[in-house]
Amino acid sequence: MKILMDERGKKYLLKEDREFQTDLGIIKKEQMERATIGDEVITHLGKKYKIIKPTVNDFIDLMDRRCSILIQKDIGVVLAHTGLGAGDRVIDAGTGAGAIALNFGNVVGEKGKVFSYEIREDFAQVAKKNIDDFGITNIEIKNKDIKQGIDEEEIDLVFLDLPKPFEIFEDVYKNLRLGGWLAVYAPYIQQAEISYKISKKVGFSDIKILETLEREMEVRPQGTRPKTRMVGHSGYLIFSRKL
Amino acid sequence: MKILMDERGKKYLLKEDREFQTDLGIIKKEQMERATIGDEVITHLGKKYKIIKPTVNDFIDLMDRRCSILIQKDIGVVLAHTGLGAGDRVIDAGTGAGAIALNFGNVVGEKGKVFSYEIREDFAQVAKKNIDDFGITNIEIKNKDIKQGIDEEEIDLVFLDLPKPFEIFEDVYKNLRLGGWLAVYAPYIQQAEISYKISKKVGFSDIKILETLEREMEVRPQGTRPKTRMVGHSGYLIFSRKL
Amino acid sequence: MKILMDERGKKYLLKEDREFQTDLGIIKKEQMERATIGDEVITHLGKKYKIIKPTVNDFIDLMDRRCSILIQKDIGVVLAHTGLGAGDRVIDAGTGAGAIALNFGNVVGEKGKVFSYEIREDFAQVAKKNIDDFGITNIEIKNKDIKQGIDEEEIDLVFLDLPKPFEIFEDVYKNLRLGGWLAVYAPYIQQAEISYKISKKVGFSDIKILETLEREMEVRPQGTRPKTRMVGHSGYLIFSRKL
Amino acid sequence: MKILMDERGKKYLLKEDREFQTDLGIIKKEQMERATIGDEVITHLGKKYKIIKPTVNDFIDLMDRRCSILIQKDIGVVLAHTGLGAGDRVIDAGTGAGAIALNFGNVVGEKGKVFSYEIREDFAQVAKKNIDDFGITNIEIKNKDIKQGIDEEEIDLVFLDLPKPFEIFEDVYKNLRLGGWLAVYAPYIQQAEISYKISKKVGFSDIKILETLEREMEVRPQGTRPKTRMVGHSGYLIFSRKL
């Protein structure tokens, strides 16, 4: 995977098999094929494009994202709280366009594995294409209702973004490794509460409901201050551990 | 690395080469040697201990931590904002007891590498021991002042937790790969401002100062509510990208 | 009402009818009687005390406060959101030690009136004494269960800090003036939700649930930053208007 | 002062000396003259309007507001932290359209007084008209640069919303009563810092910099959650007391 970035900072996925046409001119198919990360390529109008190795975030920004995705601050909480690392085995449901699966796949690396369950065929197709485009091989998209059963065992992290996640907590508990984490994303407080209570009933430990507020600071000539507008809420994250 | 957990949820690092004595009784050296993840071992008083594969967070909780460490919510912001992943090359300074290096090492995996600069020899020693204990081989502790120069090139992420991080931004810029990130932790707003301004001057793009507030929700019999006390501030995180 | 403040900033209620003994020496009864606001009085050990006209907050800090009181940030939200002013008529329940009644009495002034309902006789007694001590005459403490009925009409603001405030919303609606406000303090989200729904059912308009987070900034020689600890939650405030 | 409210909740200032034309029909001058608070008046198209006594907030929403005004959450912090009450004497600068003066005038009542300094004649004119329209007589708008000197003494609260408020802190100190408060509104952290430091130098006590975040909760059929968007920052409030 490579991206092209023009002088204004605008980014594009680089497709090696075709000519690239922009408002700053044309880059020929041959140029695209030969472009290596770190290179500069020049359009027929003389404009420069840099070839950059994308981070997973660059790619997610540019990919087909037809359903809403978890925002970065919440992904950060999941990664940090569960201590997810290279080599881990993760389940997520539902896949959506595959953004969170890409985030997990990016962290667990070649020795790890992500199994991503999606009930809708159209979403599963989009996710598969996105994952192929990013060129990562450790994510398996499963077009299957996770409520029908979880096929994998000894899982380090199960992440659920479902309307009624708690319906499968017993199954999740069985399929987690000892010490593994369940993480649930829930926009409404009632979902968080029920998740908390059912986690407890099913036998999970270290149960916590967290929410984060992220604020950006502005440095202006007149002085420094937080930005006027911010995101007030994305969702609650409920963490439970099998111990 | 393995940890022992008793029935009360109390955790200990498992040392295979010695007998383990607790208030719940003794586990013999032979038991310790043979213990496999997932097993239960029993003390001479009949108490059970589970053997668990620790997450990086379990280990950091138990290791020698003689200097303050970055809190989880801030590690999450760094991981999520920079999109750090398996195979990436990271520099961090100062090492302290090695907690953040462990977090990075955990994510970048065997194909990645962490170079951690620490000016104080005593901290470097502690960090080395902690890293050995965790059994990770992709972290190199360098007992060296990072202001004397950065030895590595084509770095994906440089993370600085230093009193005057901005003194080395030019060097950092040179040693980052195209598309790489500089992330700075700064408890005071003035450090954040100067970091912002010097990042800009040095040529960085996509510069942002972020702070997060994390709040826990309590589910009680009477109802649900945020916890009464919370952390009001840990620090600002300043992100800048080489593009 | 007057208060005494020593050179360390420590404050005391001034009682004119008695000698005052502190660790900085004795002030005689005659001195206490003659002390006027703005004066300095001197103990037999030569230590100075200033005589100050207290704000309502000074008084509340010093008075008998045997039950928990609404914190300042929440009082501020009530005052600002309802636009309470001099001359307004207010009902509050339960009184507790009378702090919120004092806050309201302080704002509505001589032309206004506060009717404060308290079911427990001991609390009502404490509140009466506190109000007498502060020397305000526009607050009437009623040792009565507000669920037995509200006696006053054409009220500008009804403030409820009760376990099930919503049980009396119909009554409140009847006794408010057109344009008057109901404000409810609720620590739990469920109380806030039910209050919201019943307000709507009873016919209230402009219904809002608000919560505020207040953070203090520290100015230190090394720099400026928010305080490390802060209050994470006191309660939700639910506002509904009769229109 | 009276306001008219139609069946959709839309509000208008009632002017007794003229016919009132809306999209819901005409109310005759005679009807307007006779309208009493609590009445309903009917347009020639048969639509009802309620006559309501406005709160100060209703009036500020409807008045000529050509400059930005302090938001409610910040007014609340000022009122609550300083314990402003009926009978108090307040200075504010600059007046702007008079909103904060109206808030103060509303609280201090007939026995209190607000002196509002505004350097620009056009703003002073607008503010005077607004105050006349609201029908409050305890506010004096002074078309004068407060840096030229403060005329009033024994003030309970001085509120400054100026670019460099700290230039007059010495003067403010002199003109406050013992126990009186200085409150400063500052959007930028640097203004807050300097205000903090100069307050200290000038001799003020109990100096605090506060900021508040206000969040609204939504009750929907699917569940309850904080609103997606919120105000991230309005300003810092710096409080200092003369003791």
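The first chain written gets the first letter, and so on, giving A, B, C and D; residue counts start at 1 in each chain.
Simple rule for what comes next: contacts are C-beta pairs under 8 Å (C-beta built on N, C-alpha and C of every residue); 3 or more make two chains touch, one makes a residue touch a chain.
It should be emphasised that the depicted structure is a prediction, and the values quoted were computed from it without experimental measurement.
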**Prompt:** How many degrees of rotation bring the Cα atoms of chain A onto the matching Cα atoms of chain B, given to the nearest 5?
**Reply:** 180
**Request:** Have a look at where chain A meets chain D and say same if over half of the interface residue numbers show up on both copies, different if under half do.
**Result:** same
**Request:** Express in whole angstrom the distance between the two chain centres, defined as the mean CA positions of chain C and chain D.
**Result:** 21
**Request:** Determine the centre-to-centre distance between chain A and chain C, using the mean Cα coordinates as centres, and give it in whole Å.
**Result:** 49
**Request:** Note the residues in chain A that touch 2 or more other chains, in rising order.
**Result:** 189, 213, 215-216, 224
**Request:** Assign the assembly's chain-to-chain touch graph to one of these shapes: line, ring, star, complete, other.
**Result:** ring
**Request:** Throw together a list of every chain pair that touches.
**Result:** A-B, A-D, B-C, C-D
**Message:** Quick check: in the complex, which residue numbers of chain C touch chain B?
**Reply:** 187-191, 213, 215-216, 220, 222-235
**Prompt:** Can you list the chain C residues touching chain D in their complex?
**Reply:** 5, 9, 37-38, 50, 52-58, 72-73, 75-87, 103, 106-112, 156, 177-179, 181, 189, 192-193, 196-197, 205-206, 208-219, 224, 236, 243
